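What follows is a pair of complexes built around subunit A, which joins subunit B in one and subunit C in the other.
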Partner chain A sequence: MADINAIAKQFVDFYYSTFDTNRAGLAPLYRDHSMLTFEGTPTQGVASIKEKLEGLPFSKVQHKVTTLDAQPSSPNVASLIVSVTGLLLVDDSENPLNFSQVFQLIPDGSSYYVFNDIFRLNYG
Partner chain B sequence: MADINAIAKQFVDFYYSTFDTNRAGLAPLYRDHSMLTFEGTPTQGVASIKEKLEGLPFSKVQHKVTTLDAQPSSPNVASLIVSVTGLLLVDDSENPLNFSQVFQLIPDGSSYYVFNDIFRLNYG
Partner chain C sequence: MRDATDNPGGRKGKIRSGRTTRILDLTKDRPSGSRMQPIRLSTSAHAGPSDPLAIRGAARPTAVGRIRRNAVSGASVQPSAIPVRVAKPKQAVDSWREFVQKRYNAEAKYLNLDSMIEDELVKKYNLTPPGHGGTSRDAAVIFKLASQLKPEIQSLSLANNNLTGTLLVQLGRYLPNIVNLSLQNNKIRDKKEISMIVPRKDKMIHLRELVLTGNPIRELAYKNGAGATYRADMVRRFTSLEVLDQEPITQISFDAPQPSASHVPVEKPTATTFPFEVGPSFVTGVDGAIVSKFLTRFFNAFDSQRDLLMGAYDTAATFSFSANTSIPARARVVGFHSSPAMPNQRKLDWKTWLETGSRNLNRIGGDPQKTLGNLHIGGEQIVKVLANLPPTRHDISGPPEKFCLDSFPVPHGQSMGLLLTIHGEFTEVSSGGIRSFDRTFMLVPATEGSRAKLNGWDVAILSDQWIIRSYSSHEAWKAGPLLVQATGQQSQPAPGAAQPFSIANFPADQQAALASLPEAQRNLVIEVCARTGLNAKFAVDCLTGNAWDLERAIANFNQVKGSLARDAFL
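Here is the complex of A and B:
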């Protein structure tokens, strides 16, 4: 599964660096049937997801990935599930928050789009 | 998505109560192409997954689910992604561990089996 892990790593690096520097740049990763459940609130479609992500109430944010796991999500299609845990630093707070996030990536030409996206903070 | 959330809740209740009382009873949830990545170690197939789960080095374990999210994982099939975060109490330790776990459930007759399973502890 070397290939799938490399794809997952590349996606995750791109996703969080874009999230942390230019959140509007995430929109092209989603499609009209994509879903984002953020802290239990479901949204669907690229326009709603873009609005949700850009409206999150922090101006400075940094994700640090702690663990990254990937598995093929279908016997027929080269789709994959990517599961991330990590730390979130928000607005110069000194107390990072644990988060977990899961994506399903679907192949689209030579690239992938996000069909599923579920984000949760983990309170200890 | 009321239906999908009800299915996810029913699955998760069954999964963790079985895990905590009779780990061998989890094997029928998996198939030969099922995957489990437990703390970064991948296993595949019902026999290997059963061996992995039964060999985990704790005799008493209790899962407490904190958050549960579900999304359809395919436009064509009634499969779903279930994302769980929670607390794990092991062998009478007083310090619960945060965990996150993601499943993909695939319909199989009137029930579901686990195609993907990724488990991680989250250290704060």
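Here is the complex of A and C:
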């Protein structure tokens, strides 16, 4: 279990630092059957997700993770569900936006990929 | 209700008409020549399955996705625009044409190309059908001829032809509008070959029914116990699919809050909005009724008698919660925590939450005692922990806009699970204060004889992660551009106003209502009231109906002001 927590922490650190510095670098985290739902709009597949992430209309973005939790999503497979809440600072806006994001990670060889990625703003 | 009619794209008519023509019902009219009798389909595409989740998984395209896909297919997949190089002697093409025309049932718009090698004409002209010596080019010739049939072909059967994906690469190009397709008893082996038929998801977007029974891709999957994965793969690949291998994929019908047309902003978000539009709830691949039923029962029990939930959690289920104690910046500006309209917010206390075992890995770090101790496993242990958490009240029968759902079917062993995320708010009963939350469930169908099933749950919880946050209103989930900052310009008082028009000008009850609005919207409301004389409620309605665009709202007011009752005004 401790292992899952470490994976989650490592994943989240990598995901957001990559998102904030080089969004194109996120593509290898997804597979062709991966699904990203950004504000209720579903996008499937590496190419579409890459396009979607890179096309998000903010030039500068910074994530600050406030809470992070992780659980196995199945007793049989080493997949896990990671829940994050945090702050999103967009283009030097003074008011950070609260967001909530859920990842379902599936093992693939020695690493993990993102099977589902659900993003929502929580305003506030 | 979420329905295809809500979405543009002009697809619905075609799909509906497809419902009347079922490929395999038609095959019964064929003379007996095929080696294998095709499977008869169930009589209804929406026959109730015994297992609520096992056969779900239809990705329902959103309006945006659908428009985009149609645009692509409309622009680039005109059959006539792609010439086929016909190297065969003219005679062969004519022979194939005669064959295709003979096999076409124009009334049913159904082209039956079953067992081509056994056809009298094929033998007579010594043709080589694809799969029996013919190449993908022969197949392309046939598909092109099929695309020229009048009226346009709707159903196609290619059963019993020894076909592989390679031979079908041109199918989607020439027949992009096909509604029903049977590839029964062929040689399609894997997903790669499926990708040859539909290289991208925007191909064959009208396909409602697909039969792959008798192909290695399906039979091997079932043999290896991966039937659910196979179905999920197909459903993700053919996004409009309703029936696969004679089993229905239930479409969703969820009473999620949908923006009315007037809420959909016309113009691009301006600099004062979050540069991405907020979408409504997204529920796919599952009958919304199952989600509703589960959530209703779950939260009712959660609020009244938590030990009843023991049955809902799998014996291996995990539960954890974390408290996000920060006060969101905007909520602070709006003053939710100190608003006179919400006097109980001040009485809220995080103490119980934090002491009961908040599992925020970001905070407790690597402390194994906490990371392990705060992850609760199995129904018995979970309900014990739940009993110690503060009593709650979720207003699930209240305004639907207070909750926002995202859900996905995910493969889970032999069956399908459902990943469900819900955002919303609840009242802490002891203080009456309101908190916001995000909660993610991993649900699986309750198996026969399981504790969940015996307790009347259709689904069992495998994982439950709950994040409790300071209240930040449900404005975030309202569709359309999200205002993130008040702008000085818009909140300026109307020119010529002797006195700045402010919140003080409103009666007390309206002041309270205004106080509950995010600052940016509150300023717009005050502005509208100042310029129109409307009261706060009508001003909010007017702005909501005009995508929170001040000038549009004023223009709209000027159009209808004659018809407004006296009580619409201050």
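Note that the second predicted complex is superposed on the first by the 123 of 124 C-alpha atoms of A that agree within 3 Å, B and C clash if a C-alpha of one lies under 4 Å from a C-alpha of the other, contacts with A are read in each partner's own complex, and residues count from 1 in each chain.
The working rule: contacts are C-beta pairs under 8 Å (C-beta built on N, C-alpha and C of every residue); 3 or more make two chains touch, one makes a residue touch a chain.
Note that the structure is predicted; figures quoted are calculated from it, not measured.
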Which superposed partner A:A78 touches (first subunit B, second subunit C, both, neither): neither
Which superposed partner A:S100 touches (first subunit B, second subunit C, both, neither): both
Which of subunit B and subunit C A:P57 touches, first, second, both or neither: second
Partner chain in contact with A:G45 - subunit B first, subunit C second, else both or neither: second
Partner with the higher number of touched subunit A residues, subunit C or subunit B: C
Which of subunit B and subunit C A:L89 touches, first, second, both or neither: neither
Touching partner for A:N116 - first (subunit B), second (subunit C), both, neither: both
Touched partner set for A:A27, first subunit B, second subunit C, both or neither: neither
Subunit B and subunit C footprints on subunit A, overlapping residues: 1, 33, 35, 37, 40, 42, 66-67, 69, 71-75, 81, 83, 85, 98, 100, 102, 104, 115-116, 118, 120, 122-124
Subunit C-touching residues of subunit A, taken from the complex the two chains share: 1-2, 5-6, 8-9, 33, 35, 37-42, 44-45, 56-58, 65-77, 81, 83, 85, 87, 90-91, 93-98, 100, 102, 104, 115-116, 118, 120-124
Contacting residues of subunit C [partner subunit A, same complex]: 59, 62, 64-65, 201, 232-233, 236, 274-282, 284, 314, 316, 318, 320-324, 326, 328-331, 333, 359-363, 366, 368, 371-372, 375, 404, 406, 408, 410, 412-413, 417, 419, 421, 423, 436, 438, 440, 442, 462-463, 465, 467, 469-470, 472-473, 475-477, 482, 484-485, 518
Interface residues, subunit B side, partner subunit A - complex: 1, 33, 35, 37, 40, 42, 66-67, 69, 71-75, 81, 83, 85, 98, 100, 102, 104, 115-116, 118, 120, 122-124
